[in-house]
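Both complexes shown next keep subunit A, but they swap its partner, so subunit B is in the first and subunit C is in the second.
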Partner chain A sequence: MRLGLRARLLVAFTLVSVSTGAAVGAASYLRERDMVLSAAQDTMVERFRADLEREVPLDHSPTHAELVELAWRYRAVAVFANDHASGNGISFADVPKELRDQVRERRRTLVQRVEVNGQPYALVGAPLDGDVRGSTGVELYRRQHLGAQQDAIAALPRSAALLVLLSLLPAAVLALLAARGVLRPVRALRSGARRVADGHLDTRLPAGGSDELADLVRTFNAMTAELEGTVAELRRVDERSRRFVADVSHELRTPLTAMTAVTEALDDEALTGDAATAAGMVSTETRKLGALVEDLIEISRFDAGVAGLRPEPVELGALVVATLAARGWTDVVRVDLPSVGPSELDRRRVDVVLANLVGNALRHGAEPVTVVLRSSPDEVVVEVTDSGPGLADEVSPHVFERFYKADAARLRSEGSGLGLAIAWENVRLHGGSLEAGNAPGGGARFTVRLPRRRS
Partner chain B sequence: MRRRLAAVLLVVSAVAGCGITPTEPFLYGLPPRSPVTGVQLHLLFGGDAFEVLRPGPDSLGAAERLDLLFAGPTEAEFLAGVGTAVPAGYRRAGPVVEREAGRFAVVVDREDDRVPDLDARAGGQIACTVLPGVQRAGSTFDGVVVVLGASGRELGPYRCEPVIPPSRR
Partner chain C sequence: MLLIEDDQAVRNALGFALRRQGHQVSAAATGEEGLVLVREAVPDIVVLDLMLPGVDGFEVCRRVRAMGDVPVVMLTARGDDFDVVGGLEAGADDYVVKPVEPRVLDARLRAVLRRSEREGTRSTSVFGDLVIDRAALTVHKAGVPVGLTPTELRLLLELSRSPGQVLTREQLLKSVWEHDYLGDSRLVDACVQRLRLKVEDVPSTPVFVRTVRGFGYRFGPL
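Entry: the complex of A and B
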């Protein structure tokens, strides 16, 4: 069982107070008990002694009648050798033999406590000795009931228990105060840590005092400050590099326009031989460069957060047909396009997505490529599947990264390396999802899910 | 750790006991000094020395004390089981005299020859009974010799040992 800090402190304080109270109670109980018993025994022996030291009418060995008289006179058991007489309230049988033996042997005043029928008694015994000469041969025993003392002693644990109970209250209050003192900064730290986890890196906690918890709070503050600085720095670097890419792309655009015009002019010239080959190569590469720069500009718009969505009601099946027709792929792509009804989509961006996915399938997969359209009340789904070997397991997580090459040996591909990244950004802009996987029969399958309505 | 401490406390308090516990007999000082008068006589009870009183002044002489001892226990003493090792039939035949420093002698008669000799315990009784009488007269005491009057045979000397050798077996 795991207890909270508050409960543990409460238990600890309670245990300390109870055990201390019990120890003090036990010690004082033993002391008080001895005091009560000593007082009772002292009184009993003093009275016995005083009675015996008064005049004693005895100058010879007592007859039985005289022994009985002695017993009544002293309210004690009187013993002379084998003869004995019972006194007022005590009989010879009440005197333990060990007490009689020791009185006879040691010739001193002796006390013994006994229990008879559950009742406590104290017995005192002494030889009746003369003040001038020694023994008279007579011994006297007196008994006292210790009922009052027993009651007084029985009341002692109650007061000790009361003491423990009374000490519990301040102990509990102290425990709760101590727990609060510890728990308050801990709770503040917890909520602070949660705010940081939610991204509020400017979170700072008030650090008062000089104890370990205050140290912890100061360390926490230093940590979040450091984290905030680092994250801001990273953002700045990231921002700078993105802007650099955007600037470079824009700067490349103007000379590229000129180069494109020149290569088009060259294409129109009727060149022959090596010149024609070279002109064709330059023309092809220039077009590729142009496409790359356009893609870079597009992606830097996404990075800058300036890519806007222009949704309109679109019949996705018709859009697929239009896309394939515009790129001349109608003959090489199989389609399954049931009517799914209109969806709120940005026509241009969905066209880009479809073109990139189908183009990618045609380039890297194998024909036939199929485009299947499905729908549910909330979303429309387009699956683009090729018949190639499919995506390797280590490739699938990375296909949407920029300039990612599945085959490192094929350094130059026909695509810009940004097509899938741009498709992913466009789908995301719609609030949909784009997943890469493999079809059950082999072949890579890209699944686009687009919500029907803008939310 | 705390639980162990609490257990120890519990055990200690349980061992110390609650309420009023019975005890063995324990000493509570000297016996009371009662103002009794009389002459002390040394008899036996259950084989042990047993002191009793006889009427008379404490100033009684050694010879008279010896007479009381030779007279034997009273009826009350006899009924209570008090006895003597001095056989019946002894009678003092002369005074208690100091032969030499601290060494006393007394001449006794026996009723007839069947009366047995004194044994060590009887001698101890005689010595202890004589002792207060001679001490009162200011003498030291180094034993008493009992002279049998008929033969002149001497028994003893006897001394008053603090405890007569026990015969409790």
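Entry: the complex of A and C
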């Protein structure tokens, strides 16, 4: 799982605080424990020595009875050679052999901690000194329970844990503060980047301070400024070339109007031979040129964003019939036009869409071409399907591009090369969609979806 | 007929084509020149390019309208909705988009001219203070003759033929303008507006030519 910066900082600060607290706690625990225990042992040893020094009652090898008396007097185990006696609260078995060996060997007071039945005890062993021989050969071992010390030691981890817990709160606050300090510029960058992505290239962020984040913000600002300049320049170039196309088209329109007006005379005159051929070609090409110029003007209107929609209630089925009739296609196109009720459409623009799609199907596909109407409460759908080989996979993404020719070998087709692009723009202007694909049985299929109502 | 078009090539070519269709054509290169010819020669119909130097097509159209009931057909560029709307508001009867095929223009002109033809029926209809003489093709409002263009008159005749019945824009386009389904319904709307100005007491609250929202227009009921 990926955590946000805030969570990661929080975790990091908490970990640092806990591990520091734990290390400090552990170190102080060990020290405290040693201090407590050695203090207890020191006291015990001192008291034992004081007891022993008060009176040294022996100047000979003790009898067993004397050992017993010693053991009882000092509340200890008294050991002499192989004999021993136990006083109150301790038995010989309680004294580890190592301790006895050490005491006997080194002739010094020694302490050892032992555990009996889970309870901590300290054992202190000392040789009993006499006045004549220096040593009586008797060793005394006393035991003391370390329960109170044990309790004090046991309380140490608890207080260390409490300390860690208390330090967690300021650690969390610090983590959140640090996160906020980092996150505020990061968040500003994020929303700035989003605004740029949305096309607001004039986005600039306030860059205060001199840290790495401020550097990043300055870099971001420089980048958007650069981007804005480049995009503006590209737009200017694009705008100029579109403007040029629009101007050229308009300039061509006037002579074309004159030519169109007179070519009909060429068709009507009973010409023969070469003159008839030439007249026919002039007439045909003039019409094509006229259509091309009109399409260019139409598309530059879309590019300039001045194409307006003039919606009115339209029965789409009737419009399909009218479109086909106006172009003499009624006999070559099969239709399935259930009544779908009125939709808010621009009659002229939808006529252009239908004419371009059906015209395209008739030119590039094969007959029969079918036009099928479907509807839902929200939209009306027209499918124009031909019976040709269909669109190749590499072709269908490009069919709505201007002057796109699926077959490179055919340099000029019957259409202007703009028909499908214009159809696409017109559908888009309605807020609908136009898709190119293939029908299940083969054949190219263009699907127009138009919303019934203007939103 | 009178052709007002500033571009010489287009003027000559359209004149040539219209003469071949059997029209008598006089031509003017500017709006001013055209208005003089309208006043002096009184053409049956004016074909008017909207893009004119000096007095523009819209103004020429308004002045022709003010002079009388000579029908005006505009020449516009395709898709220039601004031109179409402005021209119709200025009082044009119909429009064709350039470049126009001569036989299309000829059909439109003849359709406009047919609107001035008298009907065979001899009947006079009276609707309140509105008197429509279908034979003489005259309309009187409170005893005063109303000057209607042939298109306005034909629209009034079509609507008043079946009072109380809704006629769709498509039906009116077909019967008055002789356009097919793809015709421009704004022709109807603009003509209705002009007609109301002439026959209604209060054009904003019409009693004769009423709008039926989403369907079309209806004559009356009074």
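Everything that follows uses one rule, which is that the second predicted complex is superposed on the first by the 271 of 455 C-alpha atoms of A that agree within 3 Å, B and C clash if a C-alpha of one lies under 4 Å from a C-alpha of the other, contacts with A are read in each partner's own complex, and residues count from 1 in each chain.
The criterion applied here is as follows: a contact is a pair of C-beta atoms (placed from the backbone, for glycine too) under 8 Å apart; a residue touches a chain by one contact, two chains touch by 3 or more.
No experiment lies behind these values; they were computed from the predicted model shown.
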item: Touched partner set for A:Asp34, first subunit B, second subunit C, both or neither; value: neither
item: More subunit A residues in contact [subunit B versus subunit C]; value: B
item: Touching partner for A:Leu15 - first (subunit B), second (subunit C), both, neither; value: first
item: Partner chain(s) touched by A:Ala23 [first = subunit B, second = subunit C, both, neither]; value: first
item: Which superposed partner A:Gly290 touches (first subunit B, second subunit C, both, neither); value: second
item: Partner chain(s) touched by A:Glu264 [first = subunit B, second = subunit C, both, neither]; value: second
item: Which superposed partner A:Glu298 touches (first subunit B, second subunit C, both, neither); value: second
item: Touched partner set for A:Pro62, first subunit B, second subunit C, both or neither; value: first
item: Those residues of subunit A which subunit B touches in one complex and subunit C touches in the other; value: none
item: Complex interface listing, subunit C residues touching subunit A; value: 7, 9-10, 12-14, 16-17, 20, 77-79, 81, 98-103, 180-182, 184-186, 214
item: In the complex, subunit B residues that touch subunit A; value: 2, 5-6, 9-10, 12-13, 16, 18-38, 40, 45, 50-56, 58, 73-77, 79-82, 132
item: Interfacial residue positions of subunit A with respect to subunit C in the complex; value: 250, 253-262, 264-265, 268, 290, 294, 297-298, 301, 307-308, 310, 312-313, 318-319, 321-323, 325-326, 342, 347-348, 351
item: For the subunit A and subunit B complex, residues of the former touching the latter; value: 12, 15-16, 18-19, 22-23, 26, 29-30, 33, 37, 41, 45, 48-49, 52-56, 58-64, 66, 80-83, 96, 98-99, 102-103, 106-115, 120, 124-137, 146, 149-150, 153-154, 157
